[in-house]
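I'd like to ask you about the structure that follows.
Letters A, B, C and D mark the chains in the order given here, with residues in each chain numbered from 1 onward.
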Amino acid sequence: MRTNRLEAFSDGVFAIAITLLVLEIRVPEGAGDRLAHELAQQWPSYLAYLVSFLVIAIIWMNHHAVVDHLREADRPLLALNLFLLLWTSLIPWPTRLVAEYMREGGDPERVAALIYAGTMTMMGVAFGLLWRYASRHRDLLSVELSEAEIARRTRRFTIGSPIYGLSIVVALFSAPASLAIIAALAVYYALPQGGMMPGPAR
Amino acid sequence: MRTNRLEAFSDGVFAIAITLLVLEIRVPEGAGDRLAHELAQQWPSYLAYLVSFLVIAIIWMNHHAVVDHLREADRPLLALNLFLLLWTSLIPWPTRLVAEYMREGGDPERVAALIYAGTMTMMGVAFGLLWRYASRHRDLLSVELSEAEIARRTRRFTIGSPIYGLSIVVALFSAPASLAIIAALAVYYALPQGGMMPGPAR
Amino acid sequence: MRTNRLEAFSDGVFAIAITLLVLEIRVPEGAGDRLAHELAQQWPSYLAYLVSFLVIAIIWMNHHAVVDHLREADRPLLALNLFLLLWTSLIPWPTRLVAEYMREGGDPERVAALIYAGTMTMMGVAFGLLWRYASRHRDLLSVELSEAEIARRTRRFTIGSPIYGLSIVVALFSAPASLAIIAALAVYYALPQGGMMPGPAR
Amino acid sequence: MRTNRLEAFSDGVFAIAITLLVLEIRVPEGAGDRLAHELAQQWPSYLAYLVSFLVIAIIWMNHHAVVDHLREADRPLLALNLFLLLWTSLIPWPTRLVAEYMREGGDPERVAALIYAGTMTMMGVAFGLLWRYASRHRDLLSVELSEAEIARRTRRFTIGSPIYGLSIVVALFSAPASLAIIAALAVYYALPQGGMMPGPAR
């Protein structure tokens, strides 16, 4: 399959998933004069929107850093890409979960954070697998990419999974800390050394 | 009509339908300490999300295997394509229905599975008609496709409808078995011999 | 503005609006053994889904029949296109309204049908204005289109508005008849003489 | 990153956000003979739909006026673009908020208008930053754009932020007046002198 198809479909899913996040933010009903107060109370909604937006935006950018160097897509790569999309398009659900239960403290908050971190971890694992498959099948890659460049990307794209995994462990103790780790990873990938568009070799 | 238009619009509908599936997965309200339990209870939601995701992903891939070989689209082909999209974009609804009623057992569960299997069958029939029309109007096809290749695709693309039909019959007795058949068909289409991208002839 | 931009954005709105229609079809809650009965009772939902799907599909096809012949888009044309999209992206709302109130009979049913027909009329008027503007500014059109062809399209594209207008009047007396007129118009446009892709001149 | 990627993803988000607006318009439940009355009562929904539709349409058009002149996108520009999308994809939420609380008068109405105007202001600021960054890094711009043209666009694209800011102040006193300012700004940008497609220099 030509990679432009793969790309257009994946971009569509990323764009829709990122835009559906807003449906998670509630409009309090019949709040009357307590509206400002109730809106302030639902701060986890805004936080969850922001973190999930960042995560999906980074997936989109990193996905391009992979697909741009593909000459074509074979069947296992298509399957791995769908595995990535399966978890990415799920993200609005744990986002709603965190938005709903993050203020509660105790067990419900940790359950929500655990599922959030777990979804992100599966998404990170899927992305790592996608890159590893592509980088080990050099016939799929276009020639422009040097060995050193491939090794550098491998380091960067595989650092995500263990850190997402860490966010699962942390979620058992503190939901906000778990989200902070996920947000920090997104910021790392957005920075120049984050592997997306490594200046000279681009 | 140029086929790239047909393709872009169809891909848009596939990408949106697949991403809307997540809206079906509920966030329990006010579950408190029973959150983990309630989330576990709604396992049919996760199963329905997974199966519908697979089915739409496979439609997308098989759709490309057809459209990639079209030189142009005439009016009946456009109409058949819209008939396919009509059923595909409906999929989130039977998915919600199965997610809601699959735990209940008895009649409601079977009604939900019946409608789910029925929607998939109509989608499979529409896809079969689309391929049959295209393959019988050789002027619409690009020359690259050999007779043997067309015959092979016809076998593969028409196997879907009777198997989806079987899932309707099975739904009368067992909802999980009906979903299992639909999932197995999706996995079959994802395998190399499943007709999507038959190695040498691609 | 290059017309491919206009087209991609418009197609995106058409694809999303057509796929959002499914959110209108309800899943009865806690219906138990009455599930089949309750699903049968909400037949106006299925009818409204079908008619709105047809209408948006036809707008998409006719829109291409216009934009394909444009060389470029100036500001008034962009504004008219946005006016068309404003009414098209509204369609899921009157669709939900009809689905909810069509069984009720009496005033509520007629109010719902009136708003449905009114939205379609405004959409038809917007489409007519778009075509008229394009056809009167020949510098926007590519040369391939003959005078006779333009006249033929003008007849076809302007027949929609009065018929949609008729569906408003009919809605005052019978909601089903009003929907039937709208559906019949969509079927007319789908037929070969419906103006979308007039064989020889394509 | 090639700008066509940036453009396709951004256009996707714009198209989805503008089409999701319709989900905000309610269908009254069980209104019976009071349906027409209840539909009339929810006029702020229609107003909010219209204004938000206009605003997103204008962002889309102005975004193209920027991206069309970009040769490539570097990392800060990508980040600024995501900052713009973050606020744009949020717009359906304040739109629902205004639709829900605008009739109430008093504090809730002003809170809703304040958040609406605040979201638009952040969006306007993000757009201004995007243009300023692009215009100050001439290596990102294609050569066709003259100094005078750049200065003209800078004036036009930076006029948005202070006017959106004004709509925040006005929201403290009158919600309708605040929305009117936002709508007027959208109309200004839609007019020929609004900077989007300045005839001769294009």
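Quick note on the criterion: a residue touches a chain if its C-beta (ideal position, glycine included) is under 8 Å from a C-beta of that chain, and two chains touch if they have at least 3 such contacts.
What you see is a predicted model; the values in this text were computed from it and never measured.
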Taking only the C-alpha atoms, how many degrees of rotation bring chain A onto chain D, rounded to the nearest 5? 90
Geometric centre distance via CA averages, chain D-chain C, whole Å: 26
Could you grab the centroid distance between chain A and chain C? Build each centroid from C-alpha atoms only and quote it in angstrom. 37
What positions in chain A touch 2 or more of the other chains? 8, 12, 16, 20, 23
Take each protein chain as a node, join two nodes whenever their chains touch, and name the resulting shape: line, ring, star, complete or other. ring
Show which residues of chain A lie in contact with chain B when the two form their complex. 1, 5, 8-9, 12-13, 16-17, 20, 23, 74-75, 78-79, 82, 85-86, 89-93, 96-97, 100-101, 104, 106-108, 111-112, 115
Contact footprint of chain D on chain A as seen in their complex: 8, 11-12, 14-16, 18-23, 25, 27, 29, 31-33, 35-36, 39, 49-50, 53, 57, 60-61, 64, 190, 192, 196-197
